[in-house]
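The block underneath contains the structure these notes are about, expressed in structure tokens.
A, B, C, D and E are the chain letters, set down in written order, and residue numbers restart from 1 in every chain.
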């Protein structure tokens, strides 16, 4: 049977939500980063789907830039994780609550 | 360029504040005499304004208009009509006395005088301002110096009192701001709707020949209100309808009422009085409380007369609480400054009653009482400040028979007590009597509640006589409390006596011959009462 | 529209070159000489600032980079704001880094790259470059926030900031995807089929209702994503911790730079993309957004001001106060949206926001420079109680910080007062429109919050003047920082009293906002 | 003399004392001589000038229209409802000149007397400044042209009594007495203000823009038949209320029944003060006002009856209390109270002439008695009559003058008191019970004055001092006043006995308060009681009864205290409870004390509690506390862990999307 | 290379089958990535998920993007993740300590609610989506070389974002170095 744009959007929605659940649930900073990457990819999927529907290249070029930005972000986040790990020997986000209230 | 007197009276204290910045803190005498000089200039200016004010012409004189912010229609728009001249005179006398009295301040005098002068610049700005933004700008300008004055140089639980005072003043100012803004945008729409009237306004006023539709100029708003109300019945017309006025007038009333302490919002003022150093409480009680009632007259009555006509009778009921409740609480106070504090809120009740009576004699009496009460309270706090610096206690039970030790201050305090009890020969009597006539006249005109209000007001005079004489009796007469034997120095030299004598002279001069001031005030209140009069005719039908 | 005409993009190019020069210079300079890289940055940026102030505000909008870069009055105004922020941050951080003693070259280059990002954000004309330049700004700020890598607080601030930031980026991308899906076009203004300039908002306006719903979902997720930059309510959570953790100059840069960038984008999206209510359309898209932003503005105002009352740490207090100020700026946004919904032309809200941001820069910078001086560059404690008796210990510092605090509180002779006045006046104007009477409740909320904010600002002033100093070792005011602070204070007072020319500058922005 | 010289003379009389007072306080405080000279000089010149005016007025005959000159004090011009103008000025007619002469002459004597009495007192110039200020305010009342002016000087007199009573400010009892006097006066003024306002607006309501304050205008309205009925129909019951309220002002000043408590305590002040103020002039101000506005009272029947009864009660009550007093000044104080009651009773029964005449004579012999008492106190340094005794031998002049005063007060034939008391008793025929009260009071007056004279001046000297005759400067004024007391009465005698025949004092008085202001013709109006004409001859039966009762009173007091035939103690036991009631002054003081201490202070404390706890406690601190709570809750939301942050963001976003986007679809 | 894919899928039904297969793989891998305790296992599952996603791109005829996805994401970034995990050499007990994450219900519910809202939006706007993907398209993606189709606009129309991304990457590198280099 025919695959409509809606199917792609639903898949993207599911992926996005899984990414959200991951960010919320997991304590390990690295896994949180991975889930963030997943969320960005879900958004890329929506872009490609709509690009396909409208038939113009803007969506695809947007995905191209999105991927580069995601890469840069991943690099910086990992750098920060390493710096924090060197300070406290842990990447568990629950231990990082010195500042509160 | 030519600086009109009204601009000068604002610029002089502002200039003194700036000059004081550059005087090194060590040179205390220079600081003091510079501040006193500044204050003296304002006295000279206000007296010349009083003298040269042309009563025949009346209306706004000494005007000056300089555009400030083009796009929003804000301009440095100052001038003085009958009411402002009286208020400016009051402020300059009080600041003169305040600066002289605070020659005794030893802790950081430079900052003290800078803040005092900034405070007074704000107050002058309000009384001489004709632009709604300028009015609000200088109104808020006076709040923070008062906070710091009380906070740093104050006495009993100053933190709590000063914070409460500042928050109350700001809340009041901000509520009034929303009212002003509604008026501003409403006038803009009105003039956009009928540009012909804007043309007519430009020709009528040479000063504002380039006025745009959106402007904070008070005269423009009054002009719009007047013409809008001529267009149709209170409910039917589109601009400045009764509904709009019943919405905006309470905002202005509550905003300014919080400062002229209307009954439920008055709790900040006695605490503020008691905690403040003598100069600050002189300015605070003497002048700051008058800003509120001045605001109600200047903006409330002129721009929203129908709203005022409907709501002022309710305000009159609140004034009764002010007078009787305030008087009773004053009677139960042990601290002398609290007694004077509550008596001020009780006297301001008369001012509001005068305004609420909405007739010429009532309004004249109200403005004259603002003047008289201002001088009287400033005198009271100056005197208390004098002996408080030496005894460090104001509790009536500890004081006793001070008149033997400090006779001059004793005599002045009795004069003050009698003046505040409404004794003829002092300005308070003439003004209170006119307010009573005004409120009885309103009762005869139809609002029969005012019979009760007048009776209670007269009874308020008796109450105020009771607690003031009791305070005088406790503090100054009777046997001298042994612990003050030889410890307190009297105001012996002519220099220390000057502020008190100046204030008493003002009270007696305008008490014995009130015509001097009342004719000037009458030129100011006349047009306002006419506006209120036609508004009442229009609103008479609608319940 | 289809030319690159690079001459319009000279400021950005100049900035990138400046950043590269700093990076390279860092390699060749001896370790101790590296710290005057800060002066190079400050010098370079002041040249740029002078150049920007020299260029006249353009009457019409010009496009560069094939229509993806628009140079109009609003962009120029904001670039001036960013340039001034850059200079002040550079001056502030030289002293700070000298004390911290690590990696000045990278620090200043990152600051400059962040500035380039902000310049690009100011004159963005499509979603793609919007996303990329915004990510450039946030990325640099992630790194700068975690710059003191040996300090636990800075690390923690970095982690929290990047997790929330990345999530916001994801949401924004998701939003943009749906708007692109609905309209099929990423650029705000593009050459339509008949050679005429077409606004994206026109295409959105004449979408049929199904796609309108997608576009509305896209707008909501996008604008709420932008709320992260601006510290609006659902996205305010990171602000207190990051403001406290990050090094003080970075906090200053964050509080002014990224907040201004966020507001520019929201204004751009509203003016260029959000459609006015088409007469026939049933789904009043704009009306929904007005209600959404009114709710957010109210919550932000009350949250920021109320949570600031019990604060003990001054930097954390500045965090909550910046949430409060975001609330006031959102009032302006609501005013703009309401005016757009009613199809009005004048956008007083935008000039109010522009003026408020201009005043906010100097007030906040003065405050943070004061904090840097007080803590002598160390990050130990910013507790408010340490500021007790500052009036006696360092009168000039106390005076400047008091004026800054009072300007934040909105006390008349200072800039903050007229800013708040202008914003509340614009929201009252919006409340005059028929159907939007209930906006007066927002104006009342703004008024109440002036009083609440007055309380906690005065608590700090109270400690400075009314209490006795706890420790009495003297505070040395380094000359450059002192000059910068005094300059800011003088400007705050001057803007406060002579608002005329500055309001002129702000209203000049309106002309070229639309097309 | 033509009108403006009369007016200028009146202005000089009025303003001389206040100019003296100002000069003394500001400049001559240090030198005693000059300040004494200034103060006494001003009053004496006032006295002489008023005597000149008196002769001029007598020369012009009874019905001359009053000379009025006034200047505008304050005004409110209102085109809609008509202008309200408050003036101050001088109204010179027979009554005001008579009163001004009394104040001048009696005042001069007392001022001279005070020179002696106050010698050696350190607050000398302060005393004379206040004394001159009092004279100014008293003259202000005398020459008042309208209600506002009389009210202004009414309060000034109240203040000067406060200052003079509280002269010894070291003594707590003195300052309390001063405060009490001021407060009671103030309560009186409370009534008067309302009365004035009621009258002003009633007149303005009916007659439009007429100056409702000025006496001349009001007199014209009230005396003219048509306008009066028009006004009374419009006012209905309010007319009586207005008149009575104005009388309340007089009650406060002339210490009538409910407001009399302050006069006995006012004895704390120095004796010249008591002599001048609390005997001769000040207390008479109330009666003077009633006479001045008689055209208002005469027509308010209900008010008149009330006034008469209040006068009667005051007279009787005060007389009974005086009988049991031991302090000589207290006896005289209560006797003044009862004489004032007499005058008011007379006025209340359309006998204003009698009241005014009694006021004049009473001023002379009461001042005499007070100064006599003063010189006795000065000599024996005690007030208690039981510590005196046998002074007749040592203080010849004081004794004979005192006895002359006593006889005059008791109303024995040739002396002044007889004529004026006779007039009052004949006027009080109108209400029978009051006539008998009058006679009873006459008996009691004679009794307690006799008691005082016998115990103080006859028998042995019981005190430990060594009394000596006071210096000439003190007893010479006594002698002058004694002469007036003896021969002064004839002036007001009925026509056939009167040396001036038809033109006696009564004829002038009658004309003054009944004539129509403008127009010379004297129009005798028929009073409701028909007594409008002058009494031709003595009412024989009234005179006889009066004298008999007075002589009986003296004889009984001789029995009790002179020859000790009856013992006073037995009489005390015999009266038992009545005695305790009377000696405690009918517990009125305690009742007022209860009112002030318990009721007023209680209510004040209640209000202060309401203020502290409800308004400040709940509203102000409540709001502040609420803000602080909310602040704390919001602060707690920042838990510090990233997961909670992300959850909050997500929750917020979903809520917003549901509310505004998805919601639009379902309940949009 | 593109024509092969094209013919394979042109067989009609094949398109649906491919789509369902790839999305099933992607979603399953994503769920497992979240559930796995050991981060290394999570990385592996994520790589699989990205490859599945690349497959979906292929069904959308964006072949170049699919290749980039596999090359950059699955290859470079995941390798970086693995490298960092190794760098942090989480010892055995660290992994043991990582007990199954306590499930904070609020968060999960919020995420599910978010998905429901996305779903409702899509359903609400479905009337406009009735048309199948292909039918919508009209003519197929720029036939032949999809790399050229991206390349030309990337360096002409969209040059500006490209330049900004270059600055972004530079900043990222400088930042990463500044934060992690042992001695600066």
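Please note the rule applied: a residue touches a chain if its C-beta (ideal position, glycine included) is under 8 Å from a C-beta of that chain, and two chains touch if they have at least 3 such contacts.
Note that this is a predicted model, so its numbers are computed, not measured.
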How many steps does it take, at the fewest, to get from chain A to chain E if each step moves to a chain that touches the one before?
-> 1
Consider the two chain pairs B-D and A-D; indicate the one with the greater count of contacting C-beta pairs.
-> B-D
Just by CA atoms, which chain is the most central one?
-> B
Distance between chain centroids, defined by C-alpha means - chain C, chain E (Å) | 32
Just give me the whole-number Å value for how far the CA centre of chain B lies from that of chain E.
-> 71
Where the centres are mean C-alpha positions, what is the separation of chain D from chain E, in Å?
-> 105
Chain centre separation in whole Å, for chain D relative to chain C (CA means) = 78
Quick one: which residues in chain D touch 2 or more of the other chains?
-> 635, 638, 640, 642-643, 646-647, 650-651, 653, 657, 661, 665
In chain A, residues with contacts to at least two other chains = 5, 16, 19-20, 23-25, 27, 32-33, 44, 49, 53, 61, 65, 69, 72-73, 76, 79-81, 83, 93, 96, 98-100
Each of the following residues of chain B touches two or more other chains, namely none
All touching chain pairs, where touch follows the definition stated at the start | A-C, A-D, A-E, B-C, B-D, C-D, C-E, D-E
Which positions of chain C touch chain A when the two form their complex?
-> 127-128, 131-132, 135, 139, 142-143, 146, 149-150, 152-153, 155-160, 162-163, 166-167, 169-170, 173-174, 176-178, 180-181, 184-186, 240-241, 244-245, 316
Contacting residues of chain E [partner chain A, same complex] = 15-16, 19, 23, 26-27, 30-31, 33-34, 39, 42-43, 46, 49-50, 53, 56-57, 59-62, 64-65, 68-69, 72-73, 76-77, 80-81, 84-85, 87-88, 98, 101, 103-104, 107-108, 110-112, 114-115, 118-119, 122-123, 126, 129-139, 141-142, 149-150, 153-154, 158, 161-162, 165, 168-169, 171-173, 175-176, 179-180
Contacting residues of chain C [partner chain B, same complex] = 351, 406, 411-413, 417, 421-422, 424-425, 428-429, 432, 440, 443-444, 447-448, 450-451, 454-455, 458, 461-462, 465-466, 498-500, 503-504, 507
Mind pulling up the chain E residues that touch chain D in the complex?
-> 104, 106-107, 110-111, 113-114, 117, 120-121, 124
Chain D to chain E touching residues, read off their complex = 643, 646-647, 650-651, 653-654, 657-658, 661-662, 665
